[in-house]
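Several structures are given next for inspection.
First chain A sits with chain B, and in the next complex the same chain sits with chain C.
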Partner chain A sequence: MIGTMPDTETGEENCMEENLQRVRKGDVKASVHRMEIDRIRFVLSSYLRSRLQKQYEERTRIYYILLAISQTMSDELSEASDLSADDNQDVMTPAELIAKLEEAWLNEKFSPELLENKSEIVECVMEQLTHMEENLQRVRKGDVKASVHRMEIDRIRFVLSSYLRSRLQKIEKHFPHILEKDKSRAEGDPSFLSPQEFAFAKEYLANTETYLKAVALRHMPPNLQTVDMLKAVPEPCLDSFVFLRVKERQENILVEPETDEQREYVVDLEEGSQHLMRYRTIAPLVASGAVQLI
Partner chain B sequence: MDPSEVEFLSEKEIVTIIPNFSLDKIYLIGGDLGPFNPGLPVEVPVWLALNLKQRQKCRIVPPDWMDVVKLEEIRDQERKEETFAPIPSPYYMELTKLLLNHASDNIPKADEIRTLVKDIWDTRVAKLRLSADSFISLQEAHAKLDNLTLMEINTTRMFLLDSLNYMYKLRTNMHPGSDAARSQDY
Partner chain C sequence: MFCEKAIELIKELHRMGDGQLPAFNEEGIRQVLEEMKALYQQNQSDVNEAKCEGRSELIPTIKFRHGCLFRNQRCIAAYLYDRLLRIRALRWEYGSVLPTAIRFHMCAEELQWFNQYKKSLATYMRSLGGEEGLDITQDVKPPKSLYIEVRCLKDHGEFEIDDGTVILLKKNSQHFLPRWKCEQLIRQGVLEHVVS
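Our next item is the complex of A and B:
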């Protein structure tokens, strides 16, 4: 998402201004506004963190352009003003963030292999949730609004945990191959696994090996006492079929034939159309976000 | 994917409700809702509409397409055409089910609508089975599935994808030594 932000600049700016107008007009709604401001502030800070890691140069460039905008912001947000430079140009609204999480959830659910980890999204959503929950603790019991907020939190939490769980399931299923892939990635490339998932995979591998040894292998003849995990555990089957919906038009996607008699041919994927085809053919498109698995 | 998860996704669709209470704007993470005033229609996600309905705090306005005349048209077109006809909502089945189960008193001719939607569903699923059958027997490698809804895909997903995978495995194993056969080795 970092590459695409210059376009969203003005939208974010307007959005922020709207927020500020709401902030100025109310004293009865003060507590709601405080919540809203806290939410905005949280988005700003979490994105600063992720972007600092990744694109320091671009950040500073746009920072100066947007500093002028941020200076017009109200006092309530002044301490976040230097962060807003980031917010204005690359941040999604919380609603977009949730939509991204749902996309990631479905893609992860339906793709045969482990996809790139979206720890940025996960972290942001987690912070949103914690923050909203903290705010809710201050609200008295039996408030209608609070119950609606709580329901929304539960729904988001469900998606989030389902997403993380399906990743863990895949790691359990294909752990030696995932670790192997992680080892062979080029220096500096981001890992497919989050640090926690990496620790989990490592531990799972160690535990499986210990278990096999303790239960069976040590009773075997010496020449049979080793197991090659890479051969013992199935690889993700990239040739499985998947259902997908096209989000950005793609041309000339090569479809490999099923049988030797058939010829290979190309198809164009129109925006909004739905297809059934092999995962291997469109795997790069899933990674780039051009198609959505359904 | 579990059908309940498809239903979960359908619950974020927007419906109009007429509340009987008043409440300020709510600033949810997923967007702002309200303000709520008694008697004034307001748009909310289905999950909230159903919750308010269960607490008898609102009346749900059925979506435009949930109407006997419109559904009859759709049913007739669906029966006439060989391909999947466009459908008014990507979650028509789930929404019908949810709304009719929880708010049937707000929907005129609820029983007729239930039957019509079931008819449309049956017609479409029959088409889906037919095309899945020809997809497999012709050994195609690509299919276009426009207008198919998530719930429909979901009814056939496990069966279709698993059988395709097994057939692929059997076919590639006929040429031992090929790379694909090895990766299928389980």
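Our next item is the complex of A and C:
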């Protein structure tokens, strides 16, 4: 515990120092007094130091307690939202949620094609973020823990934005193929696009088609007034190479030949090992979560 | 030669380098379209002739012209589409309001496309998560620290930070600001991140 702070010492020290100024030089008394002053100053600063130390420790302790409280609060929060979203799903702690987000983010960032949407994760994280922001509003100004939390929020928001951004970029890049794939999926299969992304992709396609028509195509000869978007816009290149880390051991992965001279062969992927492979070979494993792109 | 004008359009874009938007070449497009029209008319009369009078020696010429027509169409579509991609990148860089110098380089239809794109993007971002949505054009770089030191490159006027304090952004003044507030201003070129 920190005791109450007596505040007279410093005054006394100054007083002694002033007295010392008045003593003539070479006096024996002076050096004795000087020693005394130094001793007192040492005791004083050591006292103040230990007070500061204690204050700091107490603050850190309070911070950890508050952190724990906010953790449990958000635990409950994510529990509630998880339960309402899907009853069979295991309850996720915020740490697990963030880990899941990071996994989805990395996979999305490094895979050449659009992966399955993870809108539950996005929603949960968004909820978490608003919740944390609300908590932050209650904290008084200049508090140490506020800035730590702020930083955490910023980081999570960056990951989330970056994840959504890379999805949107892929949609814009390959929109005709993505919409085509969405159209051809079987009834009842989950869509790769979230409803919002689907709306965006459709608008983007319509907008671009209208534009091309308005500027040039309608002035062209009648047999050339349409452009086949599927042919004009590049397809995602599934043969590009990706780095991956294996999370669950896989056996007998068939690697197709790259050139005509090579022959196909089979590899086993050990858990924890890292590889550089063509995306097409391991696409199903990425989807199932058995490997992680890095 | 056929298709030269169309290739010229593509080269013009290519020469500008990454992300820069040259003025919309309406004249070039018009010339290509006229060339296409002429080619098409010649082809039609030749087709009629080949059909009625059985002149099969015309067929290779017709095929050649047809190829040219397709090439022209492809080039124009590529020109326009590449411009759209550049305009799209501008939306992410400058936010929803473009500088007038850039607007000047766009044709009316491009502006229309841009507005529509802006709208789609805004709808998408609003629909994310809670009621306010999430602005994913922010937070482009991973955060390293909460506050960054910035220098003002031009007069911007007053600027309000989260806690309500208003600061005056004057040219050549330096400030210590929350990163998430000034990211966009940095991209617009109003502020400069001072790395010491």
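Quick note on the criterion: the second predicted complex is superposed on the first by the 205 of 294 C-alpha atoms of A that agree within 3 Å, B and C clash if a C-alpha of one lies under 4 Å from a C-alpha of the other, contacts with A are read in each partner's own complex, and residues count from 1 in each chain.
Note that a residue touches a chain if its C-beta (ideal position, glycine included) is under 8 Å from a C-beta of that chain, and two chains touch if they have at least 3 such contacts.
Note that the structure is a prediction, hence the values are computed from the model and not measured.
Enquirer: Putting chain B and chain C onto chain A via the overlay, clash or fit?
Expert: On the shared chain A, the partners fit.
Enquirer: Who does A:35 touch here: chain B (first), chain C (second), both, or neither?
Expert: first
Enquirer: Have a look at where A:172 lands relative to chain B and chain C in the superposition and call it first, second, both or neither.
Expert: second
Enquirer: Quick check for you: in the superposed arrangement, does A:215 touch first (chain B), second (chain C), both or neither?
Expert: The answer is second: A:215 touches chain C but not chain B.
Enquirer: Looking at A:200, would you say it contacts chain B, chain C, both, or neither? Reply first, second, both or neither.
Expert: In the superposed model, A:200 contacts chain C only, not chain B.
Enquirer: Between chain B (first) and chain C (second), which does A:127 come into contact with in this model arrangement: first, second, both, or neither?
Expert: In the superposition, A:127 touches chain C alone.
Enquirer: Under the stated touch criterion, which partner chain does A:151 make contact with: chain B (first), chain C (second), both, or neither?
Expert: In the superposition, A:151 contacts both chain B and chain C.
Enquirer: Applying the touch criterion given at the start, work out whether A:139 contacts chain B, chain C, both or neither, answering first, second, both or neither.
Expert: neither
Enquirer: Using the superposition on chain A described above, determine whether A:237 touches chain B (first), chain C (second), both, or neither.
Expert: In the superposition, A:237 contacts chain B only.
Enquirer: Check the superposed model and tell me the shortest C-alpha distance between chain B and chain C, rounded to whole Å.
Expert: Comparing every C-alpha of chain B with every C-alpha of chain C, the smallest gap is 6 Å.
Enquirer: Could you tell me which stretches of chain A are touched by chain B in one complex and by chain C in the other?
Expert: On chain A, the residues that contact chain B in one structure and chain C in the other are 129, 151, 155, 158, 162.
Enquirer: Inside the complex, what are the residues of chain A that reach chain C?
Expert: 122-123, 125-127, 129-130, 141, 147, 150-151, 154-155, 157-158, 160-162, 164-165, 168, 172, 196-197, 199-200, 203-204, 207-208, 210-212, 214-217, 219-221, 224, 227, 232
Enquirer: Which of the residues in chain A end up touching chain B in this complex?
Expert: For chain A paired with chain B, touching residues are 29, 32, 35-36, 39, 93-95, 97-98, 102, 109-110, 128-129, 132, 144-145, 148-149, 151-153, 155-156, 158, 162, 234-235, 237-243, 255-259, 262, 267, 273-278, 294.
Enquirer: Quick check on the complex: what are the chain B residues that touch chain A?
Expert: Residue list for chain B touching chain A: 1, 5, 8-9, 11, 21, 23-31, 33, 47-48, 51, 135, 139-148, 150, 153, 157, 160-161, 164-165, 168, 171, 180, 183-186.
Enquirer: Show which residues of chain C lie in contact with chain A when the two form their complex.
Expert: Checking each residue of chain C against chain A gives 29, 33, 36-37, 40, 69-70, 73-74, 76-77, 80-81, 84, 88, 107, 109-110, 112-113, 116-117, 119-121, 123-124, 127-130, 134-136, 138-143, 145-146, 163, 179-180.
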